[in-house]
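So that you can tell them apart, the chains are marked A, B, C, D and E in the order they are listed, and the count of residues begins at 1 in each.
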Amino acid sequence: MQVNEKEFKPTIVAFCCNWCSYAGADLAGTNRLNYPADVKIIRVPCSCRVNPMFILRAFQRGADGVIMCGCHPGDCHYTTGNYYARRRMTLLFSMLDYLGIERERTRVEWVSAAEGAKFAATMNEFVETVTKLGENKRLEDLRCKEK
Amino acid sequence: MFKLSLNNLNDLFKAAAEGGALYIPADDGAGQARFTRWCDGMEMSKALKTVKSAKEFFFPQTESLVDFKMKGKEIEIIDPRTESEDFVVFGVRACDARSFSILDKVFLADPVDTYYKSRREHGTIVTMACSRPEETCFCTAFGVDPTAPEGDAVCYMTEDELFIEAKTEKGTAFVEKVKAVLTDGDAAPVEAQKAAVKEILPKLPLANLSTDSFGGDKLMELFDSPKWAELSASCLGCGTCTFVCPTCQCYDIRDFETGHGVKRFRCWDSCMFSDFTKMAHGNPRLTQLERFRQRFMHKLVYFPANNDGEFGCVGCGRCLSKCPISMNIVKVMKTLEGESK
Amino acid sequence: MQGKMIARAKELLQNGTVNRVIGWKAGDFAYDITPAVFNSAEELDAGFVYNDFCGANFSKYLVKESRKEGKILVFLKPCDTYSFNQLTKEHRIIRDNIYVVGVPCDGKTDGETLKLKGITGITGIKTEGDSFVVDTLYGEKTIAKADALPERCLSCKSKKHVAYDELLGEDGEVCESNRFDMVEKLEAMSSEERFNFWRGELSRCIRCNACRNVCPACTCERCVFDNDNSGIAQKAAADSFEENMFHIIRAFHVAGRCTDCGECSRVCPQNIPLHLLNRKFIKDINEFYGEFQAGEDTETRAPLNIFDTEDVEPSVVYEKGGN
Amino acid sequence: MQRIGVFVCWCGSNIAATVDVEAVSEALKSEPGVVFSTNYQYMCSEAGQNMIKDAIKEHNLTGVVICSCSPRMHEATFRKTVQGAGLNPYMVEIANIREQCSWIHKDKQTGTEKAIILGKAAIAKVHLNAPLTAGESPVVKRALVIGGGIAGIQTALDIAEAGFDVDIVETKPTIGGKMTQIDKTFPTLDCAACILTPKMVDCAQNEKIHIYSYSEVTAVKGFVGNFTVSIKKKARYVDTTKCTGCGVCTEKCPVKNVPNEFNLGMNNRRAIYIPFAQAVPKVATIDADYCNMLKNGKCGVCSKVCTAGAIDYKQQDEIIEERYGAIVAATGFNPIKLDNFDEFAYSQSKDVITSLEFERLTNAAGPTSGQLLRPSDGKHPHTIVFVQCVGSRDTSGCGKPYCSKICCMYTAKHAMLTREKYPDTDVYVFYIDVRTPGKNFDEFYRRAVEDYNVHYIKGMVGKVAPRADGTLDVQASDLISNEQLHISADLVVLAAAIEPDKSARPLATMLTASMDTNDFFTEAHAKLRPVESPTAGVFLSGTCQGPKDIPETVSQASAAAAKVIGLLCKDKLTCNPCVAHSDEMLCNGCSSCEKVCPYGAITYSDKEFRMPDRTTAIRRVAAVNEAVCQGCGACTVACPSGAMDLKGFSNKQIMAEVDAICK
Amino acid sequence: MIDETLIPKLGVVTDIRQDTPDVKTFRVVGTDGKKVFEHIPGQCAMLSIPGVGEAMFSITSSPTNTEFMEFSIKKCGCLTTWLHAMDVGQQITIRGPYGNGFPVESAFKGKDLLFIAGGIGLAPLRSVINYIRDKRDNYGKVQIIYGSRSMDDLVDYKEIIDEWMADDGIEVNLTIDREQEGWNGHVGFVPNYVKELNPDLGKTVVMCGPPIMIKFTLGGLKELGFKETQVFTTMELRMKCGVGKCGRCNIGSKYVCKDGPVFRFDQLSQLPNEY
């Protein structure tokens, strides 16, 4: 198949909590489950470590989508971290949507250490969604796009 | 002196925008005036003043100074400037027009600021004499005549006509460019208009504001005045006054790492901000009192000290309208009056 | 009311309850009123005013003032008392050093609002019933008070004082407010319309920091945007992103803490409706986590510092209407 | 400005096959601060580690980036390595280019590009790393074992043997677990009770072991070395210190119709009961759901007959708090409910039973005193059909997707024992596969087939239909001969899948230990740390981690004990130094952080500060107890001023990673 | 081409010398191997690593050095930490020269000079001292009083011992704050040492050091009979542009970057004490 050179490859940042989602991502690797290389994972101790600043920063620097993964509610390694993260992200995403930033560019998924398959499936799906949306134009910093 | 009917203002703008940018005061979404790049059909604001002054045409709020690319131990220096286009700023009031000469004294003094200079060279200023001064106006205190603004070309607006007169070479070129839509006009209606405004000027609430107590020679006595404490007490330390001011020209230079290089830019800064003079090992202006004092001392004392007595204020009154706590240069002047005698 | 307030302030100074008073001081025009500290009866007589232009919320000044020697008298309007409670809850003010006198409020306007209504050259203002009679350089103008009030007063959430040591005049009630109407209108728009709306508004921002510096929820010892070490310090916005960034982060930092006092929109020199950002968070919090009014009391936990195991998932954002 | 060394691992061909390691180390060489970059076959090998150590010394490195497998794998290894070369162990960052790159991408160019970006992100982060020093926290020298089955018993005995106090919490009135219900054990066919009960007695008699029977864990606080656990001792209305276990009350109690759970409801017990003769502790328990005295205050027989005066109808649940250094989960399993498998007529016919019920029917202490009799009519069954994999290896969603592992062997055991005791019975076993991978397992199975003539049929039972004559029509297909079979059976035995005990899920939440989708506890590493939970200080014993037979359970139990002993031997534990830290100069004193801290690690105090203008001010500021903080970072986001930051995952570090990834 | 003030030139670090535990001296030349620009003693230059920061540093080498410029820099902030970590061959950006410099060709000419420095304060004076050593005939006697926390914190110690002390007509008085093994010289703070040495009142004084030292030394000098018009110092404030436009470094109406950094004390005493 001819590869279209202009094919849009999104930049996706995935924040994964160390205990569940990062382990889930590792499991996806161990099981050789494929998902696009556009996804780059940043390890954080817990989803509650993810500051809205980081998410905006990613968009500024050229991310087209940002996903945060944590333990399932109730399973947080730190007991309650993901509950706070859930509130924070719900409000942040709602605000971004309110400002007219495409809501599909941000996402939260709960992925346990055992859900390698879910991790891969989620990433495949997210990359597909963001690819359809195209380049992030509404929350970009033009200075970072100049090469 | 040329004139055109106000009904044909759009034709004038169209002609003026030919081959370059034209900026006119237009109402924004919030109903306030700001200089906006003209496009066909855009109407000029009826407001006396724009929220921000016209200084940003020559000294924009942010501008790229220099780009760097880094590779290993090597640095590449890139001048990001490209040839800038000629532009016309239309409808500048007398106070703002005066501010350019104040800014010139800073930026065109040796060593010349080439960024500013280039913009000055490319810009033509078409001023507009005031017909309805407001209560916050006190330009006359600083020797500005609102009925006779400086500028490359000067406009006067009566009920239904606009009169235009070139004052400089650039102004002549501007008038030449738009001449097709103009007809010859005589000075009589303009003079009548001027006279009418001059009737109003003494009635302005701030008409009697005096600068006698200020100037470069009053430095220490004003600096040491105990009144600064109460004046600055409620200052929020925001930069509103600075940023709407036509003569404030302090700036910061910052680096931004883009991921592909470094962009060094300058941006407006305010001496009211707490970190303005902050250094790794201390800050000579620790409290808001000192920062507040700096701003007014600069306009009323330091600037005249270095510039043959010219004050760093043009009396536009923007800070009076916009200060969140209604503290401003007029209140400062009135309070300090007599301190230096 | 002004007379009563001055009288009471003098009493409290006299009997030693307080050693100074924070209040509003008259300016050169009818409307340019400055917050000031009055130390004596003479100073009060000379400059203290309370009229339709006394909009400034003094709560934030108390962060510094309550740490000074002695007790300070503060006059708080109903909406100011919410900010006051919130600051008390966050240990930002020392309650014991403050004597609060609640004063009634029928809405406060300001010179800029009148000017937006086309009244310029103002030289004097009189209140006549429900109207302002404004003297201008170009003749007398009359405007109904209801037309001259800014949005924050037209959609007043409460005329009830939630914190005070004593009240002057009658206390009011929590109001039926239509304050979320505009938020709802925006929510109903398409994503692109919303984007264009906000770009239009936020692009006017000149990063003067007035909104932040006046905000009673923004009392950080050092704001992240001023702290070079925070990694997100910025001054003048060099790119539209930085405008968004500043306002989103600021709104997020005050989410669940903002009492909707409206000072941000009042002081914005560019008339950006900043309260619409804060109200969005308030509305979402109400809808997702139950009704919550910051500053209503000094105990309830802020919505972002608490959770429920059954909270909505972030995907609720995709499930909403609009697009 | 750090001096960074980059080390790219090939991981044999695991990485090198889809990532051009040479290109990665070359590309990263020109990143700012990188003064050395290389690649090697196995960085984690001794030679690889020495390479790192040498480079640190030779190039005066201040930071190290290793592009290799997941940090969950070898971060600790490499931290030790750099420490060996005199560098602070926290000056290492790992770029995960195996699990998150080479293993998921097939295209070498894609893999290489991504590996370079991941490497750059790690470099960007390590630039901002600061040396961290771990604090210490004391270890409480006492362990808690949750679950008193053979797994819990073995773990407790081993820990006690090493000289540490250990408590067992068991929800049932007695310890012993499932093994007490089993008759014989495969493949040796020795009697379960004979090998288990001595261990139960050992537990009871060991002064280092304390048994909380009829008790539950209700709350767990704290962290490794220092857990505080709340244990609810359910009211049994019998004073265990007085009860002698004589059993008189259990004979005199007038309530006789209580289904006996020990015999899976196949017979009845009284409202006051001792589960079985060898119960430990051997004390009576009143079943409050049935006791007339407790229900309506009318009876009191047991109290009257008890000469020890042990009956106490007023007894209440009691919650005690105890501190432990380590916790072992040994919550065990249960056969699944067969509601979803009604084609086997389990609910319709008494003669369709589960394997565990079959155990009871063949057990001398069972309802039939060891006589194999049909539950429906008490007659000897002549044709018995065993159905395997009922709910195991079931991806339809009705059962469990996993193999329950023990069914093949116990079915072989049941079939064999039946044939031995009742040679006149026909025994059929329907199976999908027969799995016998254990010592002497296959021999055992072959004996069943060859010596005992058990009919093994590879095939599925489609339906079991009770007939009017009391027999069961077993409809099945024989996959080898490809025929449809109808067997008229007297008894059908279902090898029901096993699942983790229901108490495991809430327990996992309390322990903050992770679970897989089947509610089995997740081990810290599937191969290298199979008896530890990822949550420090929590260990796994027995079937709560996955299906296993008795010998496997016992070996895992001992392994868990060894891990616990290793932990309790230490006087102090090194804390995780990646904890929160408050910058007092930025702190507003607002208490947001304190409110979101799950560990109560943040405290506030008024402190006097010298302000920059040389005045002093008293400010309320937060401080973090580094021994208590576990480093989740909740406080860092709650803090609006940015005063609270997390060491090792600071705001700037994470943003630097973001920047590097997005550029 | 117009000389751009805000666009820097490239410099290459050709040598790095560790002077004290926290002071390094960097040798800088242009990419062509020549000096980037000429300067007069006491002038400064803006050095920068793009993305890290830009700051003003006094040029410590003498203009009489025709090959390179030197900067002695103390590690204290973000940029200086970076500079301290760099290797030889690193490019940096440089712009200048800024400021008025010392009046070596006017007020100092023919005078006896007394240099008083504390710690890193020697850096700006080193330029003048070496300039004077190279044009020895134009100046009278030279006395240098230099103090630091400890022996290890004396900047340019080797140059002081090997060269300055060996020169005729230069008197060097060193002092350290506290007794230290291997130190036979004077122990004590600079202001006291100045008083002890009781220098000749005819000398023109050039002083640089931490504010507290300046304050007490100036008092001491006045006590001895020196006049403010005899004493020069060099200032440091936050600077961004270096050309008197950004509005940060003013003391009253004077801009340190343009009107300073060298001030005579009688000039300073007419300005607000806002530094």
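By definition in this document, a contact is a pair of C-beta atoms (placed from the backbone, for glycine too) under 8 Å apart; a residue touches a chain by one contact, two chains touch by 3 or more.
Since we're looking at a predicted model, the values are computed, not measured.
Common neighbours of chain A and chain C (chains touching each): B, D. C-beta contact counts were set side by side for A-B and B-E; B-E has more.
Of all chains, D has its CA centroid at the greatest distance from the CA centroid of chain E. When every chain is represented by the mean of its C-alpha atoms, the one lying closest to the mean of all protein C-alpha atoms is A. We define each chain's centre as the mean of its Cα atoms; on that basis chain C and chain D are separated by 54 Å.
Note: centroid distance chain A to chain D, computed from Cα atoms, is 30 Å.
As a whole-number value, the distance joining the C-alpha centres of chain A and chain E reads 53 Å. Residue numbers of chain E whose C-beta contacts span two or more other chains: 86.
Among the residues of chain D, those in touch with two or more other chains are 596, 638, 651, 655, 659, 662-663. In chain A, the residues that touch at least two other chains are 52-53, 57, 61-62, 74, 80, 84, 88, 143-144.
A list of each chain pair in contact follows: A-B, A-C, A-D, B-C, B-D, B-E, C-D, D-E.
Across the interface of their complex, chain C is touched by residues 28-32, 34, 48, 51-52, 61-62, 132-136, 200, 203-206, 230, 233-234, 236-240, 242-244, 252, 254, 256, 265, 267-270, 273-275, 320-322, 324-328, 330-331, 334 of chain B. Chain contact summary for the complex, chain A toward chain C: residues 52-53, 56-57, 59-60, 73-74, 80, 83-84, 86-104, 106-108, 138-143.
Residue ranges on chain A touching chain B, taken from their complex, read 61-62, 143-144, 146-147. Note for the complex: chain D touches chain C at residues 585-592, 595-596, 604, 617-620, 638, 640-643, 651-652, 655.
On the chain D side of its complex with chain A, the touching residues are 70-72, 96, 98-101, 103-106, 110-111, 113-114, 117-118, 121, 508-509, 512, 514-517, 522, 534-535, 578, 596, 598, 630-634, 636-638, 646, 649, 651, 654-655, 657-659, 661-663.
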